[in-house]
Amino acid sequence: MQLGIIGLGRMGGNIARRLMLNGHETVVFDRNVDFVSTLAAEGAQGVADLQALVAGLQAPRAVWVMLPAGAPTEDTIEALSQLLEAGDVIIDGGNTYYKDDIRRARSLAEKGLKYIDVGTSGGVWGLERGYCMMIGGDADEVLRLDPLFAALAPGYGDIPRTRDRVAEDDRAERGYIHAGPAGSGHFVKMIHNGIEYGMMQAFAEGFDILKTKASENLPEDQRFDLNVADIAEVWRRGSVVSSWLLDLTADALASDPKLDGYSGSVADSGEGRWTIEAAMEQSVPVPVLSNSLFARFRSRQQSTYGDKLLSAMRFGFGGHVETSKK
Amino acid sequence: MQLGIIGLGRMGGNIARRLMLNGHETVVFDRNVDFVSTLAAEGAQGVADLQALVAGLQAPRAVWVMLPAGAPTEDTIEALSQLLEAGDVIIDGGNTYYKDDIRRARSLAEKGLKYIDVGTSGGVWGLERGYCMMIGGDADEVLRLDPLFAALAPGYGDIPRTRDRVAEDDRAERGYIHAGPAGSGHFVKMIHNGIEYGMMQAFAEGFDILKTKASENLPEDQRFDLNVADIAEVWRRGSVVSSWLLDLTADALASDPKLDGYSGSVADSGEGRWTIEAAMEQSVPVPVLSNSLFARFRSRQQSTYGDKLLSAMRFGFGGHVETSKK
Amino acid sequence: MQLGIIGLGRMGGNIARRLMLNGHETVVFDRNVDFVSTLAAEGAQGVADLQALVAGLQAPRAVWVMLPAGAPTEDTIEALSQLLEAGDVIIDGGNTYYKDDIRRARSLAEKGLKYIDVGTSGGVWGLERGYCMMIGGDADEVLRLDPLFAALAPGYGDIPRTRDRVAEDDRAERGYIHAGPAGSGHFVKMIHNGIEYGMMQAFAEGFDILKTKASENLPEDQRFDLNVADIAEVWRRGSVVSSWLLDLTADALASDPKLDGYSGSVADSGEGRWTIEAAMEQSVPVPVLSNSLFARFRSRQQSTYGDKLLSAMRFGFGGHVETSKK
Amino acid sequence: MQLGIIGLGRMGGNIARRLMLNGHETVVFDRNVDFVSTLAAEGAQGVADLQALVAGLQAPRAVWVMLPAGAPTEDTIEALSQLLEAGDVIIDGGNTYYKDDIRRARSLAEKGLKYIDVGTSGGVWGLERGYCMMIGGDADEVLRLDPLFAALAPGYGDIPRTRDRVAEDDRAERGYIHAGPAGSGHFVKMIHNGIEYGMMQAFAEGFDILKTKASENLPEDQRFDLNVADIAEVWRRGSVVSSWLLDLTADALASDPKLDGYSGSVADSGEGRWTIEAAMEQSVPVPVLSNSLFARFRSRQQSTYGDKLLSAMRFGFGGHVETSKK
C-alpha cells in the first residue's frame, strides 16, 4: 500500500522505515531536507513540498502527519486540506488533543475528506518492537488502511495470550485497536500517557526512598547500603511491579546508579494535563495522575512562591526563622 | 497559685509573664541564666537548678515543662520524677507525641506522681491573646489547676457565641478544654497542627497561582497584574477564607509582596507526621494533610533522586533529553 | 445611585436589600414573580421583564446580573446587550469563568457597552456582614460605580489593621478591590474558592481523625472519647486555625456533633475545577487544591470502577478475595 | 538441601512444592493438618508440631516461617527460638515490618541463632514463575542457603538482559538479591509493595476515566463507546505501560469488563503504610504512594465524617443543601 508521511523525526522516520520493511511504499516530506534525503536513500520517495507529496500519491490518498501537536500539525492539516480531494484521508499520528480531532473531522468532512487520529506509543523503540496504536475515525476507512496498521503494529509476538479472552476482533492482540469515532484514538492514548505518568512517579518515589535509605546523611544504624541497580534488576523477575518502565529503570541504573547524568528537571507534554481535564469533566477522582503531573511541575522550580508564603506564615505566628536544615 | 516553669524560651517565658500578670506566682528555671534573670527582674522567683525549683514550691507542687519535644523534655521529666514527691504534678506543655504521654503517665503514676499534657497554641502572640490549650490527664487534677489554665487562656473575649451551643462545661468558650485522659491533649493539638499545615498549603497554592498569573513569563494577553497584598487584605473582610492565617498572610504581603525575604525552605515539626501516622492507624484518608507535609519535604530539596529517575526513564523510552524550559 | 438587578435568589435579593438600606435605588427583575413582589414590598421598583428594567433606569444604566453561571447568565447578557445603549454597563456578579468574561467584554465593547465582573463572596451572610468583592473591568467605570460597591462591602468594621500596610487604595480595607481588567475579578474569586476547598478539606480530614479516634470500633485502650464540638469551640480562641470556616464548624457540631443530618454527598461548582485548570496552564503544582476537589468527586460515589479494578488485580496476582473488613 | 517450612498456605505450600521439584527435602508443619497431609502426599515430610519439625532436621537447621506478619509470625519465632540450637537459622519469608526483623536478629543472635528476612514476591504464580526474593541477613549465611534461594527464584528465564549491566553478583538476574543486613530484605520488599500500590492506582484511575467516558450518563456527543478489554489488550503490546499488572488487568477485563464481580472494597496490608512511614522518617515526598493508600481506605467506606463536615460547612456559609446530583 502507499502512504504519504509528513514529519520525519524520531517517530515519522521510523514509521516510514517499518512500513518499507514490510513492503509498503512511502512518499515522504520534512522541512529538513536532510531527513528527506536520508529516507530517500533507504527507498522512500522523497518530495520537496506538500504539492509534490499529494501529486506522488494515487487516489484515494492517505497522508500520515507526524508532527508536534498544536500549530505545526494544525497548519499542515489545513494546508493539506486545500490540496487533497474528496475521498482522501488525513491521518494524525501525533499527540493531538482529542477535541481538536473532533473539530477537524467535522470540518474536513465538509470537504469530503476523511480524518483518522492515531495515538501512537512506542517511542524510539517502535521500529524494532512495533508501534502500539489506538485509532479513531470511520470504521470502514480504518479497515481500508488495515495493511498499514498491521505492518506498523508489533503483532502477536511471543506475549502470552490473555486468559479468557474471547473477541471477534483480533487487532488488539496484534497491537492496534479501532477505539471509536474521530478523537477516540487520541483520547485513549491520552489516558495511556496519564497512567504512564502515574507509574513513573510510583517508581520515582519508591526509588527515592531506597536511595535516601542508603544516604550518608542518615545515622549509620538507620542506614541500609542498598544497591538500587540490583533492586531494579531483581524486580524484573517474578515481581508484581515488573514492567517495561522497570526494564528502562534497570537500564538507567546499571550505567549510572546515582543518576548524576540528570538534573531532574522533568518536562511534561499535553496529555498529562488533558487527562486531568477529562477526569474533571467526568468527575473522576484522580489523585495519583494529578500528583504525578504536579511532581513534574515542581521538579522544574528551585523554590515556589507558595513555599515562601509558608515560611512567611510560620514566621508570622511562631517567629520561626528558616534554616537550611533538611 | 504557684507554678514551677522549666524552659523560658519564646513560649515558656511568656507563659510565666501571663501568669504573673494574672496574680500567680512562678518559680522559673532555664539552662540559659540570662533567661532566668530577665524573668526574675519581672517578678518571678529565678532558680539555678531543678533541686532549687522543687524546693521553691509548696506541695502539692505543679511544674510546667516547656521544652522541645524528645530528649530535652524526656530527660527533664525523668530528672524531675526523682525530685518530686507523691501528689505532685508534672505538666508537659510542649509538642510531645501523645503515645509518649501515655507511657509517661503510667510510669509516673507508679511513683504517685501526676502527669498532664497540654497542647498549647498561640505562638509568639500568646502573651497578648492568651493560649488556646488542649489538656489531657486526670479530670480532678485538671480542675485543681484550673486557676492557672483560666489565666493562660484567652477567655471569652469579643468572639461571637456559637449558635445553638449548649454545654455544661464553658471552658471551651474560655479557650481551654479537658480533652480526656493522658495523651488526649497532645493528640488534639497534633490534629490541630495537621489541619494548620493543610490550611497553610491551601493558601500557599492559591497565592502561587495568583502570583504566577502576574508573572512576566506569561504572554501579556494571558497575564493579570494582580496585587497580592490587596487580595489578601480584601479577603479578610466577609470572605469565606477569612482566618488568622490570612491575617498573617496579609501582614507578610503588606511589607514584602514578592516574599523576597524568604528562601522557601519550610521546616516541619513532628505533629504533621504524627497526624499522618494516626490517620493510617485509623484508616482515615488524608490526602490534603499528607500532601501539605510532602510539600514541605519537597521545599527543602533542590531536586530529588525521584525526579532524576523520571528523566532517566523518559530518555529511555522516548529519547527525551532534559531541557531547562519550564 | 440607581442599579438594575436581575436574579433575586439568595444572593441577588440581599444585594438589593443591602443597597436599599444604604439609600440606593433598585429596579429588580426575576422570572419568579414572587421574588419580585417581595422586594417591591421592601421598596424596590419591581419590573416584569428586561425591557421594563432597562426602561426604568436612567442612562448611563448599570445592570447587575446575579444568576447561575453558564447559560442563564450568558443568555441574559446577550438579551440585555440588545436592549441597552452605548455607555451602559453590565455587571456580572455570579460565578462566571473568567475567560468568558474576557470574551464578553470584547464583544460588548464593540457595541459601546461596558462589562464588569464581580466575584462576590459572602453567601447567606452578606446582607448582614457585607459582601467581599473582587472586581474586574475598566478602572474608571469601576470608580464611577464606587458608591454601589462601597455600600455592598463590609467596610472597615472592627477588624484590626494589617501591620505595615501602606497603600494608596483603601478599598481593600473596606472589603472590595479593583483587581484589574475584565476577567480578573472572577479570576481572583475563582482562586478564593479553590483555597476555600482546600481549607474545608483540611478541617474535614482533621475532624475525621478526631471522630474516628473516638469510634467504638477502636480497642478501648486506643480510643479517646473526644468531644468534637468542644474542640471546634476551643480552637476558635487563640489557635492558629481560627477562621470563619471553623466558626461554622463549631456551629454545625454544636447542634449535631455526629453530623447525622448530612449524607456527605458534596457538590462542587465550577471554580474548583477552573482553579486546577489555571494551575495547569501556569505549571503551578496544586496537590492540596486538587485533592480537595477529588475528595468531593469521591464523596458522591459509593464505589468506583477504579476501586473494582484494584480488587480485580489483587485477585489476579495474589488470589486475594474482597472482604468487608475495614 | 533440607528446609523446614512452617505455614503451608498459598505461599508456604507452593514454596515447599517448588523446592521439592528442584530436588530439595522439606519438613513441613501447619496448624491445619489437611495442609500437612496434602504436602506429605506430594513428598514432604509432614510433622505434627514444632518439636517434631526441629527433630526432623539435621543441624545446622534452616526453618522457613511463612505466616501472616504480626503475632502469628512473632509467636512462632519465639517458640522456635526455644527449640533450635546455636548455628541454626530462622528465615522469615512473610511480610514482617523491617524494624521487627532488626530487633529479632539482635535478640536471636544472643542465643547463637541466625535470622534471615526474605521479602517474597510472586503470589499465587510463584510455583510456576518462581519467587522474586529480597534477602536480608548475614552474607555468609545467605550464601550457605544459596541452593534453596536459587531453586525458588525464577532464574534467568527468557527476559532480555539489561543493557550496560556489569555486576559481579549475578543473583539479581536470577531473581534474588542479598540486600544487606537483617531487615533490609523486608525493607526492599516493603518499598516494592508501595510502588505496586502506586502502579495499581494509576491503572485504576486511568481505566476509571475510560469507563466513565463510555457511561450512558454522559450526553451522547461527549461519549465514546470504548472497549476497555481491548484497550488493556492493545497496551500489552509495545506501549510504555506494558507490565504484569496490565496483563492481569487484561485478564480481568476479558472475562468481566464491567467488573461486576467486585464490590470495590480494597484491603491493604502493612507494607503500604510502612512505606509512608519510612518516607516520613527520611523526609521523602511521596504523594503518589500515599494517595494510593488513601484511595484504598476510602474504598472501604460509604461516606466519611469528613464528607459530612464539608456538607455542614457548605450549608453554613451558603445555605447549600445536599443533593444527590453527581
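Labels for the chains are A, B, C and D, by order of writing; each one numbers its residues from 1.
Heads up, the rule we're going with is that a contact is a pair of C-beta atoms (placed from the backbone, for glycine too) under 8 Å apart; a residue touches a chain by one contact, two chains touch by 3 or more.
Everything numeric in this text was worked out from a predicted model, so none of it was measured.
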Contact-richer chain pair [A-C vs A-B]: A-B
Chain at maximum distance from subunit A, centres defined as averaged CA atoms: B
Interchain centroid distance [CA atoms averaged], subunit B/subunit C, Å: 31
Separation of mean Cα positions, subunit C and subunit A [Å, integer]: 39
Centroid spacing, where centroids are CA-atom means, of subunit A and subunit B in whole angstrom: 47
In subunit D, residues with contacts to at least two other chains: 123, 125, 201, 203, 205, 208, 212, 240, 244-245, 251, 283-287, 291, 294-295, 298, 300, 304, 306, 317, 326
Contact footprint of subunit A on subunit D as seen in their complex: 121-123, 125-126, 129-134, 153-155, 157, 159-160, 162-167, 169, 171-177, 179-181, 183-184, 187-188, 191-199, 201-203, 205-206, 208-210, 212-213, 215, 218, 222, 224-227, 229-231, 233-247, 250-251, 254-255, 275, 278-279, 281-289, 291-292, 294-295, 326
Subunit D partner contacts - residues on subunit B that touch it in the complex: 240, 273, 276-277, 280, 283-287, 290-291, 293-295, 297-298, 300, 304, 306, 317
List of subunit D residues in touch with subunit C within their complex: 10, 123-125, 200-201, 203-205, 207-208, 211-212, 244-245, 248-249, 251-253, 256, 259, 261-267, 287, 291, 295-296, 298-320, 322-326
